[in-house]
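Just so it is clear, A, B, C, D, E and F label the chains in written order, and each chain counts residues from 1 on its own.
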Amino acid sequence: DFLNAFQEIIPAFGASTDDLERCRVNGMVECGSRHEHIYQRAMLLVEQVKVSKGSPLITCLLEGPSGSGKTSLAATIGIDSDFPYVKIISAESMIGLSESSKCAKIVKVFEDAYKSQLSIIVLDDIERLIEYVAIGPRFSNIISQTLLVLIKRLPPKGKNMLVIGTTSEVSFLDSVGIRDAFSVTYHVPTLKTEDAKKVLQQLNVFSDDDIDAAAEALNDMPIKKLYMLIEMAAQGEHGGEAEAIYSGKEKIAISHFFDCLQDMIRY
Amino acid sequence: DFLNAFQEIIPAFGASTDDLERCRVNGMVECGSRHEHIYQRAMLLVEQVKVSKGSPLITCLLEGPSGSGKTSLAATIGIDSDFPYVKIISAESMIGLSESSKCAKIVKVFEDAYKSQLSIIVLDDIERLIEYVAIGPRFSNIISQTLLVLIKRLPPKGKNMLVIGTTSEVSFLDSVGIRDAFSVTYHVPTLKTEDAKKVLQQLNVFSDDDIDAAAEALNDMPIKKLYMLIEMAAQGEHGGEAEAIYSGKEKIAISHFFDCLQDMIRY
Amino acid sequence: DFLNAFQEIIPAFGASTDDLERCRVNGMVECGSRHEHIYQRAMLLVEQVKVSKGSPLITCLLEGPSGSGKTSLAATIGIDSDFPYVKIISAESMIGLSESSKCAKIVKVFEDAYKSQLSIIVLDDIERLIEYVAIGPRFSNIISQTLLVLIKRLPPKGKNMLVIGTTSEVSFLDSVGIRDAFSVTYHVPTLKTEDAKKVLQQLNVFSDDDIDAAAEALNDMPIKKLYMLIEMAAQGEHGGEAEAIYSGKEKIAISHFFDCLQDMIRY
Amino acid sequence: DFLNAFQEIIPAFGASTDDLERCRVNGMVECGSRHEHIYQRAMLLVEQVKVSKGSPLITCLLEGPSGSGKTSLAATIGIDSDFPYVKIISAESMIGLSESSKCAKIVKVFEDAYKSQLSIIVLDDIERLIEYVAIGPRFSNIISQTLLVLIKRLPPKGKNMLVIGTTSEVSFLDSVGIRDAFSVTYHVPTLKTEDAKKVLQQLNVFSDDDIDAAAEALNDMPIKKLYMLIEMAAQGEHGGEAEAIYSGKEKIAISHFFDCLQDMIRY
Amino acid sequence: DFLNAFQEIIPAFGASTDDLERCRVNGMVECGSRHEHIYQRAMLLVEQVKVSKGSPLITCLLEGPSGSGKTSLAATIGIDSDFPYVKIISAESMIGLSESSKCAKIVKVFEDAYKSQLSIIVLDDIERLIEYVAIGPRFSNIISQTLLVLIKRLPPKGKNMLVIGTTSEVSFLDSVGIRDAFSVTYHVPTLKTEDAKKVLQQLNVFSDDDIDAAAEALNDMPIKKLYMLIEMAAQGEHGGEAEAIYSGKEKIAISHFFDCLQDMIRY
Amino acid sequence: DFLNAFQEIIPAFGASTDDLERCRVNGMVECGSRHEHIYQRAMLLVEQVKVSKGSPLITCLLEGPSGSGKTSLAATIGIDSDFPYVKIISAESMIGLSESSKCAKIVKVFEDAYKSQLSIIVLDDIERLIEYVAIGPRFSNIISQTLLVLIKRLPPKGKNMLVIGTTSEVSFLDSVGIRDAFSVTYHVPTLKTEDAKKVLQQLNVFSDDDIDAAAEALNDMPIKKLYMLIEMAAQGEHGGEAEAIYSGKEKIAISHFFDCLQDMIRY
């Protein structure tokens, strides 16, 4: 049957540290004070959850443009919390399920978490979880209602929980009342020129002469696209140069870099 | 199956006093004359139900912004009534059920109540019960129709009943005719500066010098958010100060309090 | 199963005189010439049905604001007709049924009535029968179509029938063509000051000095709300006075009456 | 089950002459030249069907305001045709059926007719057959499509057929393309003063002095409402006069007639 | 069951020459150069299909007002092609089937055709196949998608196919992308005065004096309506003249012809 | 059952090189620098996928007007990549399947690909895969959501994948967020006069005198339509000339070519 079709590659539901690691496939580099600030505030919430008596449930939403680093940030907070129960709920692991099966899976993760003294649940790409498309708009009201209740329902006495949501469609979440249901919201931004420069220095693929021009051109780019772009450029105009670039033997030709940039932002 | 997935943690349907207590997780403090007035009026309705001959059914709606204290107020009235049958119907206990199962559960509570001489039913967060989202708008008409009939249907001869509804979406309830179906409606407000000050004095976490500035900043805040905010601030800028604050050894730094406030209302 | 959940309290489908009595829980008082006129005209229709050769089916709609006394009036006509078959079809007895089950129940009542020489069927709160909400608007087209056909379908040869509908949403019924399908329509109004005064005199709960002021304030109120309001006021400001008032020992304090009035019409 | 609920009173599907007779419950009187003209034209179509070689299928739509006499006219044509197969398809005999069952029943009538050398099928109240309501608008597209095909599908070689449709919603039928699918359309009008006078003379319930005033007041009334109104008026102001009126002993009091008229057209 | 209800009269799916003949019930007469031109172009496509190497699939849409002769034209092309496989797919043979059954039937015809070296498929009245109504608009997206794919899917290697579509709703087909999916489109027009005259001469039912006036009045009429009209007129004012007219003994009275014309175009 | 109806001609799901070849039924000719540029850039992505460490998934969208050569281009890239796993997912092979079956088939192809070190998946005509029509608009949200997740889900560790999408409805894909989900997008254009001339020279069916006029007339035509047009013209005015033209014995008559062109663009 349908479910079996992809069962083989999906391990037990929930995210082991491995799964969390896979969420930040390019690792974490320093990319400016605004990302840093969000990380620190979120870690304060982690601590609050640990000691809270009056607020057994704290909820926090990370919103920002596509590719700005939300999922990586959420995964990192989960890893660094050292909580016994950290799970990520993402649409990837629920492809092809019916709306009600998705609800059941989501509820199951919360129920499991309620058994743990301290837990973190990441609701990744909430608009995808609720099957949102802008046209219409359409989305699953059943899943929306389930989330609306779950992110306000208190865990049983004596259990504390942190819920982290991520989204690229904050205005939609607003219009269905999900943004308001979170205690706090942080905006994860694209990179400014200075942030991009910091990242490029760490990657070390441009000559010192080119790095400023490159960083300038990357102003307002999300970090995920930056990584894709650098890798395209590292191929060279005729392919085959990647190894030389990454080993440090050569640098990326700035003109080819601009060509690739244009492919990416043509529209 | 799906239903079993969360059966374990849901006790028999309905609310024991324990469940009602859990609805006011931070207890009840004095928070101004407007909240007080509503409580007194509602208690008069409780008495009317006790003695009424001509109105076997009285219905009352508590509406107000998110977090203004509606559920806690309704739970308190239920507890203080000393009626033999007091139940709260909330979306929490019906997550993932189909619309018709939700109807059946709701009807069941009313049927049970009809067997009692005197009963109170709290319909908590009616917009959530009927699966409302603003976009569309969408909601369950089946559940709406069920509620519309139930809140006008007389209990059998000799039985009297009080129904208390709560909602943050009174204009929506108005547009589906549910608000009109209630006998009376009370507006549960956010806190004014003076109300907030009264609450802060009872919590005793600010120094006398700061309390006025803090209360001023809290003008127009719902009481539920006030509790969340105070707890965040009590962690201190670097975490770990909560115990000292709550034990009275230290006070909340007013500057950190303002930082936290900004996180919460950034939008 | 679901249906069983409320079977216990619903007796055999249809309305015995008991059920009709329960529809006018506060009894019938004189409340002005306009109500009286409708009653007399409707009783003429009752007689027409008795003797008609050419019109085996007569249909009549009572429309008016919520609480204006429509259901009580229809029940009274049914009781006073002395017809062998008088049934009330109301949403109360069909809570939670599917649209098609509701249709079947409604059809069943008509089929039963067709066996009787003379019959009256009350379609109470038609907008509720067809599951109407103003948003959308939404309603059950299946039930609407069934009603549209039933209120125009002739009974078998030799049988005569009167159908009385009630509604608070006459403009909606108009837009789906149901109002036009009725032979005649009567508007059941709210009370004017003089009507209200007449009612208050019969209830005898105000001192002679206050009765005019009270009646003035009640201008344009539906009779059902008037009853609820009087009962609230009869409790007194601090509760416990109801018995003294109703026994005639004391009168309602006019100032408390105005307070209660304000609670009811705050919006 | 549901279907059985009303099987008892529905005889075998289709219309015997009895059923056709029941469609004109008040018989047929002369009501003006415009009705007459339509009858004659339709009888020409009946003859054309009898002799046609090139047009095995002729279709004709009777449209006009509610109660103008469409169904009676169609039934009369069917009766007067003397065709071996004459059936009326009306919503009355399909109450509560699903859309696809309705389709199947309709198709069945056509299939039966195809076996007859000459046949007439009356599609009565087409808007009701396709479950139309103006709001939305909503209707059954499945049934609409079935009708659209059936009224253009040729019978088998050697069989000829006349289809007569009736409707009060010609502009709706136009918008779904059904009106265009008919070969010809005739408008069945309300009565003009002179037509009404002719009818009243035949009924003989007014004194000669009153008949002109009455006819004047009936200008633009559909004939079906005229019958209902006369019967109401014949009851007299206090009931009980009907027999005397119809036996010719007394005449209708013109003032009471105007009262009844007002009840009917109040809106 | 439902399907069986009309199986008797539907032979094996697909169109034998007989079925194609039945599509032009009045035969084919010359009706002007524009119809002629389309016929010739379409026959060129037939030849192209025979010899093509690079275009195994050619598709052609005939669009024009209701009754302009599209189906007859398509059937004639099919008959004259002498291809081994010629089938017409029309809504008539799929009445009452579900959308997915219709899809399956349509796909089946294509699959069958793929087995033939050379094949023609006529998709008759495409708007009816996809259950289109203008209100909404509504239509079957499942069937639309199936057609969109089928009219672009290449037959297996070595097989060539011509698909002819007909429609009276070309602007709708345009808006769902079906018109664009056809290689070429031809517009089948109504008759101009001179075309009508040519047809009337062949029918020989008017006197020479009247034929020009008649043709003039028929300007812009579709040929199918012309046939229906002539037959109505041939009945004569009082019926019974048809035989005399068609045998050539008498001619149609021009005044009666104009009367009939008016019945047809009254709106 | 339905599925079996067309199983015979569908081989195992997925595209062998044969299937890819069948996608470019007229082979590949040079048609200008813009097509060439896209091909080269896409081949660079192929190489990047081969060596990438940080981007296990690269996605690329080819968009352009109907017939501009997108599918042929995608198939060519797949063939030239020499990757062990190259599959094309197209609506053709999923005709008549339910939405969820389509999802399952699509997921299956991805799961299969994940087992391969290097893979290419072509999502052909994405708007057709998601059952899009412009009216409404309507489309399958289930399939859209599945695609949205699949084109962002990373393959398992150590596997690299290239996804190529094609579409003629890029603005629709934009509005459902699918275009944004691709890493890069290339626009496949229609032919300019000079491109058309290059193609005509290769086809060698015009005399040298006519080739410029022909190319001029073909400005802005998609290459697929060019092929269809040339073949129509090659038939000659009276048919039968195709062989002589293609063998080079004769040339296409330019006037007939213009006639055919007009048939094609009449609207």
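By definition in this document, contacts are C-beta pairs under 8 Å (C-beta built on N, C-alpha and C of every residue); 3 or more make two chains touch, one makes a residue touch a chain.
Quick caveat, the model's predicted, so the values are computed rather than measured.
Counting hops only between chains that touch, chain C reaches chain E in a minimum of 2. Among the other chains, E has the CA centre that is most remote from the centre of chain B. For the copy pair chain A and chain F, the superposing rotation over Cα atoms measures out at 60 degrees to the nearest 5.
Counting every residue number used by either copy at the chain D-chain E contact, under half are found in both chains.
Put simply, the C-alpha centre of chain C and that of chain D have 34 angstrom between them. If you average the Cα atoms of chain B and of chain D, the two centres end up 58 Å apart. Separating the CA-averaged centres of chain C and chain F is a span of 67 Å. Residue numbers of chain B whose C-beta contacts span two or more other chains: none are found. Chain contacts in this assembly form a single closed ring in which each chain touches exactly two others. From chain D, with the walk directed at chain E, the chains encountered around the ring are D, E, F, A, B, C. Per the touch definition, chain F reaches chain E in the complex via residues 2, 5-6, 8-9, 22, 25-26, 66, 91-92, 95-96, 128, 131, 133-135, 138, 227-228, 231-232, 235, 239-240, 242-243, 246, 263-264, 266-267. Chain B meets chain C in the complex at residues 41, 43-45, 47-48, 51-56, 58, 100-101, 103-104, 107-108, 111, 114, 137, 139, 141-142, 144-146, 148-150, 153-154, 156-157, 175-177, 179-180, 183-187.
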